[in-house]
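First comes the structure, then the notes that go with it.
Labels for the chains are A, B, C and D, by order of writing; each one numbers its residues from 1.
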Amino acid sequence: MTDVSAADSGGLVRFVSRRTRLLGMPALFVACILATALIHPDFGSFDVQSLALGALPLAMAAAAQTIVVISGGIDLSVGSLIAVSNVLAASLMQHASFGASLGIAVLILILGAAQGAINGLTVAISRIPDVVVTLTTGFIWGGVALLILERPGGGAPAAFLNIAAGADVSAWLPNALIVMIVVIAAIWLPIKLSRIGLLLYASGSDPVAAFRSGVDIRVARTLAYTFGGIACAAGGLALTMTTGIGAPLAGTYYTLSSVAAAVIGGVSLAGGRGGMVGPVIAALLLTLIPMDLVFLGIDPNYGQVIQGTLIVVVVMIGGFVTFMQERK
Amino acid sequence: AAGKYIVGVSNTLIGNGWREEMICSIKAEAEASGLVSKVIVANRNGGPSEQIADIRNLISAGANAIIINPSDREALNPIIKQAADKGIVVVAVDQAVSAPEAYVLTNDQVDYAKLGAKWLFDKLGGKGEVVEMRGIDGVPADADRHQGFDEVLKNYPNIHVTSIFTGWALNKTAQATKDLLASGKQIDGVWTSGIDSTVVDAYQTAGKPFVPVVGADNNGFIGQLINLKDKGLTGAAVSNPPAVGGAGLGLALDVLQKKEHPHVVKITPTVWDNTSEAGMDELKKAYNQKLDPFYSVAINVPPYTHYTMEQILACKGP
Amino acid sequence: MAAEQDSILDIRGVAKRFDSVVALRSADLKVRAGEVHALMGANGAGKSTLVKIITGVFPADSGDILIGGERKVFRSPAEARQAGIVSVYQDPAIVPDLTVAQNMRLARVGLDAVRTAMRSLGVERVDLSRAAREIDFATLRLIDLSRALASNPRILLLDEITAALPIDLAERVFAVVRDWRKRGASIIFISHRMAEVAALCDRATVLRDGVTVGVTATQGAEEKIVNMMLGTEVAKAAVSGAARAKQTASAAAPALEVRDLACGHGLRGVSFAVRPGEVLGVAALEGQGQEELFDCIAGVRRPDAGEIAADGKPLRFRHPADAVRAGLVLVPANRLQALLPQRPIRENVALPIFGRLKNWGPIAMKDERRRVEEAVRRLQIDTRASSELKRLSGGNQQKVAIARWLAAGFRVLLCFDPTRGIDVGTKRQIYSLLREVAQQGASVLLFTSELPEIRLACDRAIVLFGGRISGEMPADDADEARLLRAAHGLIAADAEATA
Amino acid sequence: MSAVLQFLKARTIVALILLLALFLIGIELVRPGTVTPLWASNALLFAAPLAIMGAGQTLVMLTGGIDLSVASVATGAAYLLATNASSGDFSAIALALALGLVVGAVNGVGVALLRVQPLIMTLGTGLMTGGAMIVYSQQMLASQPHVPAIIQTLGAGKIFSLVPVDLFLWIAVGALMLYGLNRTGFGRLIFAVGDNREACHLAGIRVWRVLFVDYLLCALFAAIAGLVLVGGTNAADLSLADSYLLPSVACVIIGGTSIFGGRGGYSGTIVGALILTALTSLLTLLDVAEPLKQILYGAIILSLAAAYARLTE
């Protein structure tokens, strides 16, 4: 009889190609760090801290976008959700004690989940495409942020700000990096390790097949946006933590860059494919690029050109590697 | 010139003519002073978080002085303190920061609005319908100007105001102005937060009689004030020189050479109207037919800046 | 009365319409406990729709479903599964980006039970940690079935599960089905292969145009079933294989010649030639290099070695467009690869015409309509749901994939299992169509997983085994037994002797 | 009732126009005296550049892509025109359109041949174009920029002070788009590639050619829209068209084109652009606070989209 199991021959190739996909981003990142150290021999713990601090909100935004995109959607309200949490935190925490500020942070995470759930339910029930829903709720949440705080202001207790500042464990392991890893892991691992992750990947990959396998697509979509909302709220808190204030417009920069980070990090916009490590590293990479431009002392007018080129080239390299593998 | 200082610049709004000119003035001043070996500009669209990152990178790149156009009053304080602790001179230009370590050299935005509004309300004889064309909601400079506008408005109970946000965008302003003109709403005067010539253009294409307009010292608007005076355009330009950038560097270099300086310097704006002799003279003197319409005509801020027109137009640093 | 008492599943007057298309008018179906019940009907008769209604994919517009005498409406396949009613749908319901194991967890099915089922189907060696998209279609169908079996169904619905399976794998499915019948489960079995139905099923319910037209025991009732399916007149008019016109051995240069073609692990050196006006059949078990062979000739893959020549001219393809230009056109096995699901039939059929830059300009609408209508007519495509291809029934979609080349024109038609999921009536139409095409001077290379088709449609057959040709014979000698032996690599010498 | 629904389902564009009409009635109810011929004429004037940019965006989104560089291209074209006007109207216009072709070609090569995701490719080229314009502007501080009279007429002129001149350009673009998408081979291919790229490949179509031309056309439309815009504002700065990026995508989606490609068309985009422009204008005239305006903007589009989904699903 014929052998239909085909598991034997392709095994090694698959092993390697899977690993390259997994290791590609970290390898690229390490290469970039080494390049940076070459450009700027003084590269030290101070810069590592700068990198982690700068990437903190973007990493959260990228995490939020990743969760939603994996489930087959896209969230163009990420920036506004971040803004709402940011101004809410800054206005509530202004005169709060450290303990109270932690309580407020939890409250804001819950509110973020609620906002995300509203996005998700609207998408699930109305049958309006994700893009339209989140584009418009993006305007709505942006307006809400302006209602909460008309101009930049507010504040937070020093102890709260110090959570992400400095490096308590080791100079080379800044607190911001620890916060980033712990928070994103706390959001992502429960998804990844539970049935929820399965639901998200399945409904993103092939909603029809998922439904026929017994998945309630609407539940899956709502869950994805809800977790995305939590990650956005964490992003808003991170913004408060790193800037000490609330700014109603500060979130706007994160909508597109979160999508860029997710895509550069190997998440397919078609849904169902990708992980969390890639986008987070992509967020670090996107923070490293402007840093290198400063170190190189490049005419800032060329900065934008170079940044655009680099973003394209990174993705191109990824595509080329897959292309060569497929041709094999 | 064999300068010895490295100068860092942090700017978080790009594609904006005023900011471009500000950066050019910094480069020009660096060139003219002969004291600077390198100007590093960290330039991108962003908020306080991005700006903090940029300042950290400038510190790391070894800047002796950092000129910032701050995106927020408070948010940068911790990093400014860190920079000052390392002996770096930090100058905030255009908008203020509250950090005591920083030198602040700003155009007084509250005054900017006050002067223009006062001129307009007086011109209207203290009564009428005024449109306030603001910038972007949630941005500090816009909030400051609105505050100044409101303070003056309190003294004119018979002036009624409609506020519109233009986003400092040409086409949005054009559409909003045309919509207002088409709506048949009574308009007696327009105060703008900088997108001025577009409003005048909208009146022209709509074929409506001009009403008094207040704008900034943009080259295009100043040209209109001069050339359209015969056609009935009255208006005033309030100065808001982007050369504060270069002035900030001048100040920083003074401090680096151990000259004493007050920490806060406010440049009070001036008003040039086309209804008075003196104003018209100033306008004609300032107008530069060749310059881009959205570049400010005020290229120097004495006594801080030392460069020539050619140098700022070349926009080249050491 | 007694029969109704026995029925574990009793469907009465179910109707369903999609916009203007009536999929089901009034379907009745009674299935007894412990029987294999065939659900028969031409393409578009409404079989798949009925399956989806039973398992809660979408609701019926009217009618009742009784299970064990109780009225039931399931709101989702998950609910149906819990009630012991499980389906393997016509299109795979396996999520491509998840691993096999994850797919099982998704459906809340125990892995041990799945392994047991996979063993019974002979696919236990599939690595459960592989992503489903990396697994070939046939195996995926068996995994889908294993998953269904693992949830221990009372009623199992199999929608054309054997359509994409080669004989050997289909046999395993039959064995498993028989085994489950013995255990008391009821199986609803949908297939267009009469022989299978006769051998496996106890009774058959026949749908025509969304209405149940009859129920019969399957034993010896093939003719009757066909008549019920197609309506008597149509059935009589259908062309039989015997009407095939014999091809005289022509001296003309081969339309297509393949020499020592090798590609990857699958294809290790194959040579043959197809004459103009000839239909050459290709028979093989799963994975013997037939896919690589067709892909190479159609320019989809580049061969590692060997030569392809058309009309004596050697050709090298860098893109399928090169092959199309040389007149070698492919009807791929998986229709999803060939079709534009959101576009109308007309655009699907006309598609290849626009491959040439000179046709990018204004479309000659009249000429296009004529061509398309001609192709649609020749294949008798049901155009009721023509505005979006994905709304067509599976069989009609398959016909569109062939129709486009009739409209565009070709020299050699490469048909990879074109009758997969096509009803008896249409199958005969397609055979006669292939003959007709050949008679007009074109050539056909036909791979089919249904061995009896070779005799009906081809002039000559080659059999692949292990990436090489293991047998070649004239169609008259290509009975199932010989083909099977060659397909297992048993009669290479024997075949040469005949040739 | 169900007959009406049936009809609307078959002709989604009618549903969309119905929504636009309802919306206009709503405006007139909320603020009587708003919907006048002059107001309508202004709405058309400002909808035209958006709809022309939307034409390009429609082409790209029908293939399942998106072009985030349109705003930079429009701005760049406008800026090039203004700064080169002194060297002659014709050459300035040609230069502006050439920018569109160059960026479009780069996008096309990246997306079609190198297979970079459209979103990333165009995000990158958008940054590159914007950056290049900044570099360029530094050399042009004293270039005596102005906008040629012909472009001013195009972007701001009105015949009998009622019929906007750019409407004619829009009609030409619209006719070209509707004819091109429905009646030419290239149009068919755009839908086909968006629906199933692999199927096109197997049917012998060189997909990259289709995509390349597609992105080229999109950028060209963006450059044309930039010219209309700068005609309307009579001056260019480097953020001229920034505020058009999201609306150019939004009007296509509101018009019923799927972001995954293969389904939709330009007629929906036309109505989408009109709805967005009318909405912006309404919000200007409603004297409410900015945050509320934003909330209203989002909420109204969302409810229109919801109504549309109910009518057509």
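The definition used in the following text is that a residue touches a chain if its C-beta (ideal position, glycine included) is under 8 Å from a C-beta of that chain, and two chains touch if they have at least 3 such contacts.
It should be emphasised that the depicted structure is a prediction, and the values quoted were computed from it without experimental measurement.
Chemist: Select, from A-B and C-D, the pair of chains that is joined by more C-beta pairs in contact.
Modeler: Answer to which pair has more contacts is A-B.
Chemist: Report back the single chain whose CA centre is most distant from the CA centre of chain B.
Modeler: Looking at centroid distances, C is the chain farthest away.
Chemist: Centre to centre, by mean C-alpha position, how many angstrom separate chain A and chain B?
Modeler: For chain A versus chain B, the centre distance works out to 35 Å.
Chemist: Would you kindly tell me how far, in whole Å, the mean C-alpha position of chain C lies from that of chain A?
Modeler: Centre-to-centre distance between chain A and chain C: 44 Å.
Chemist: Mind checking the centre-to-centre distance between chain A and chain D? Centres are C-alpha means, answer in whole Å.
Modeler: 30
Chemist: Residues of chain B that touch two or more other chains: which are they?
Modeler: Where chain B meets two or more other chains at a single residue, that happens at 14, 137.
Chemist: Would you mind listing the residues of chain A that make contact with two or more other chains?
Modeler: Chain A, residues with two or more chain partners: 146, 150, 299, 301, 303-304.
Chemist: What are the residue numbers in chain C that touch two or more other chains?
Modeler: Residues: none.
Chemist: On the basis of the stated criterion, which chains touch which? Give every pair.
Modeler: Contacting pairs: A-B, A-C, A-D, B-D, C-D.
Chemist: Applying the document's contact rule, which stretches of chain A touch chain D when the two form their complex?
Modeler: Touch residues, chain A against chain D: 122, 126-129, 131-133, 135-140, 142-147, 150, 256, 259-260, 263-264, 269-270, 299, 301-309, 311-312, 315-316, 319-320, 323.
Chemist: What part of chain B is in contact with chain D in the complex they form?
Modeler: Residue list for chain B touching chain D: 14-17, 20-21, 24, 137, 162, 164-165, 167-176, 178-180, 182-185, 197-198, 201, 205, 207, 220, 288-295, 312-313, 315.
Chemist: Can you name the residues of chain D that touch chain C in the complex?
Modeler: The contact residues of chain D facing chain C are 6, 9, 183-186, 188-189, 191-192, 195-196, 198-206, 209, 258, 262-263.
Chemist: Under the touch definition given earlier, write down the residues of chain B that touch chain A in their complex.
Modeler: 8-9, 11, 14, 23, 38, 40-50, 52-54, 56-62, 71-75, 77-78, 136-140, 143
Chemist: Under the stated contact criterion, what part of chain C meets chain A in this complex?
Modeler: Within the complex, chain C touches chain A at residues 57, 76-78, 81, 87, 89, 91-98, 102-103, 105-108, 122-127, 130, 134-136, 138-139, 142, 166, 168-169, 265, 285-288.
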